[in-house]
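What follows is a pair of complexes built around chain A, which joins chain B in one and chain C in the other.
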Partner chain A sequence: MAAAIYSLYIINKSGGLIFYKDCGTKGRMDTNDSLRVASLWHSMHAISQQLSPVNGCSGIELLEADTFDLHCFQSLPGTKFFVVCEPGTPHMESLLRYIYELYTDYVLKNPFYEIEMPIRCELFDINLTQAVQSDRVALLGR
Partner chain B sequence: MQFFGGSEISPSPPVPTVSGNNAHMMYVFNRNGVCLLYKEWNRPLHTLNPQQDHKLMFGLLFSLKSLTAKMDPVNADKGNLGVPQLPGQGCSFHSFRTNTYKLSFMETPSGIKIILVTHPKTGDLRESLKYIYGLYVEYVVKNPIYNPGSPIKSELFNTALDQYVRSIS
Partner chain C sequence: MIGVGKMKQYSNVLDKPLSKGKQEVSLTAFAFLFSELVQYNQTQVDNIAELERRLEDAGYAVGARVLELLCNREKGNRRETRLLGILSFVHSTVWKVLFGKVADSLEKGTEHEDEYMISEKELLVNRFISIPKDMGTFNCGAFVAGIVKGVLDNAGFPAVVTAHFVPIEGQQRPRTTILIKFADEVLKREARLSQ
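Showing the complex of A and B:
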């Protein structure tokens, strides 16, 4: 089952982009645009909680558009992981949780990493690339 | 792009695909951001007063459309973020889901936005929104006394809408 992931973003709790990986979109965004998109998403996520008809809303988890789906996972400290993928791609939630595990292992436990700063950890990149390959994502579903 | 086949309401509404509780609320906006209709069936939590709530909802949708047009991974030529998009131009979203609600959205080529907020486990409501747009055309647009751009006060429309929304829940 092919899982087409277009891009992955990680935002810190203040809404700043700390990681962006593009896996094949047409018209690749430049740095400024990706920063703007990330902060826009951070604000939209917060506003969606305000508009909830019932208590206990934790923000947008899935956005379905014409040509892509956007899955978002928010960790307890407030770091958001979101992935842009083909409409209907399965197992994105488990992929996001797996990426969160990679983040805690290779980024947070790295003594040279400054929290809330852009991520520049090679091992994180390597493991992430392995994780988003299609056969790996299909495995996560089982 | 969304296409609407036929100009009359289909004789029977589309088969409901939703399961779960009643719809929470519904908004209809025109292209200028005027809230033409706000209906509430089940809303335990009111965070803001009605005017602010409508403005916030419209603003959220406007920004989300701008975001999806920019993030579109398939089209190479995109405008800058924040440039107002014509209805139908650029990739638009049709729903989003949180842990407590699901919001389904439809924008017509004339700029009328229909929003339905329901239980999170609701299925795809695009056909239902098209049917509601059909109701709007029949009961509101074709009403000679209705002043376009003003809030909808049609009893017939409200009743038909109520009946339909309760039937899909």
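Showing the complex of A and C:
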């Protein structure tokens, strides 16, 4: 049985949640909670960069807890993608990369999307839903 | 084509004919340019019908040029004079040069004699575009409709061309249909020619 993805977040440069998706039955959150998680993570990520003893640290990439793993990917312009999943779920880095790719294709190339604003793009949703299906995720790990 | 099959040696580089070169451009570059075109036009209009018309106008200019170019390059300076000829020219030759493939289908309208439809499952210009719900039936394919109109008008087949989304059963995404409605004079001439 493949490990499950709980939820997926995209936050903009200033820490605002611009996309949230529930992927399973566990760890569901209402709108307020998801906004809170997003801005909390944004600040923690920034603090971790400052506190890190290593020079040029790019922030937390993986947070491991007893009940979940949180994988984070930050793109060069500062948009953060993070996914909350069952502990030990494989291929999450490549999934985040792939989601970033979908974002550049179906969100940034869409003339009706305003940058930094919440994402409401049908094509992005369709392709994302396909990507997070567990059998597809396994393919990304090749 | 002249000279196909044998490589001629030219002593002077200026005598060498220009190669046709790579026939494709980057889809990403095109997508960003087209996105900018739509965004720019959006700032210039206050309703959707106007935006559609502006995109169509932009396409019209492309169509007029494409017709000249292709008649010269592919057809030896001849152009189609018959209805079906020009339609299949648009459906295959024009589509292939612009989008790298022949259009998915070309059909005659069932209800009206003067209507023809070119359908495309995934129109290239719409590849990355999601229309917001509040824009209703707006389709960026208006640009392609403009191209088709430009080709037909300049070939002497005046027509009204529009782009529509048509849902397909069992598919999440609708296909785009380019509806061509020819002017009366075109049909009259066609009837006369086929006598």
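Quick notes
What we mean here is this: the second predicted complex is superposed on the first by the 137 of 142 C-alpha atoms of A that agree within 3 Å, B and C clash if a C-alpha of one lies under 4 Å from a C-alpha of the other, contacts with A are read in each partner's own complex, and residues count from 1 in each chain.
Here is the rule we use: contacts are C-beta pairs under 8 Å (C-beta built on N, C-alpha and C of every residue); 3 or more make two chains touch, one makes a residue touch a chain.
What you see is a predicted model; the values in this text were computed from it and never measured.
Room for both chain B and chain C is found when the two structures are superposed via chain A, with no clash between them. In the superposed model, A:44 makes contact with chain B only, not with chain C. Set side by side, chain B and chain C differ in how many residues of chain A they touch, and the one touching more is B. Of the two partner chains placed by superposition, only chain B is touched by A:55; chain C is not. Legend: residue contacts after superposition of the two complexes on their common chain; A:110 is shown touching chain C, with no touch to chain B. Judged by the touch definition given at the top, the superposed model places A:121 against chain C, while chain B stays out of reach. In the superposition on chain A, A:31 makes contact with neither chain B nor chain C. In the superposition on chain A, A:84 makes contact with chain B only, while chain C stays out of contact range.
Here's the short version: in the overlay, chain B gets within 30 Å of chain C at its closest Cα pair. When the two complexes are superposed on chain A, none of the residues of chain A touches both chain B and chain C.
By the touch criterion given at the top, residues 28, 31-32, 34-39, 42, 128-132, 135, 140, 172-173 of chain C touch chain A in their complex. Against chain B, the residues of chain A that register as touching in their complex are 6-7, 24-27, 29, 33, 36-37, 40-41, 43-44, 47-68, 70, 84. Contact residues on chain A toward chain C in their complex (touch as defined above): 105-106, 109-112, 120-124, 126. By the touch criterion given at the top, residues 24-25, 42-45, 47-48, 53, 56-57, 59-60, 63-64, 66-68, 70-78, 81, 91-101, 103, 117 of chain B touch chain A in their complex.
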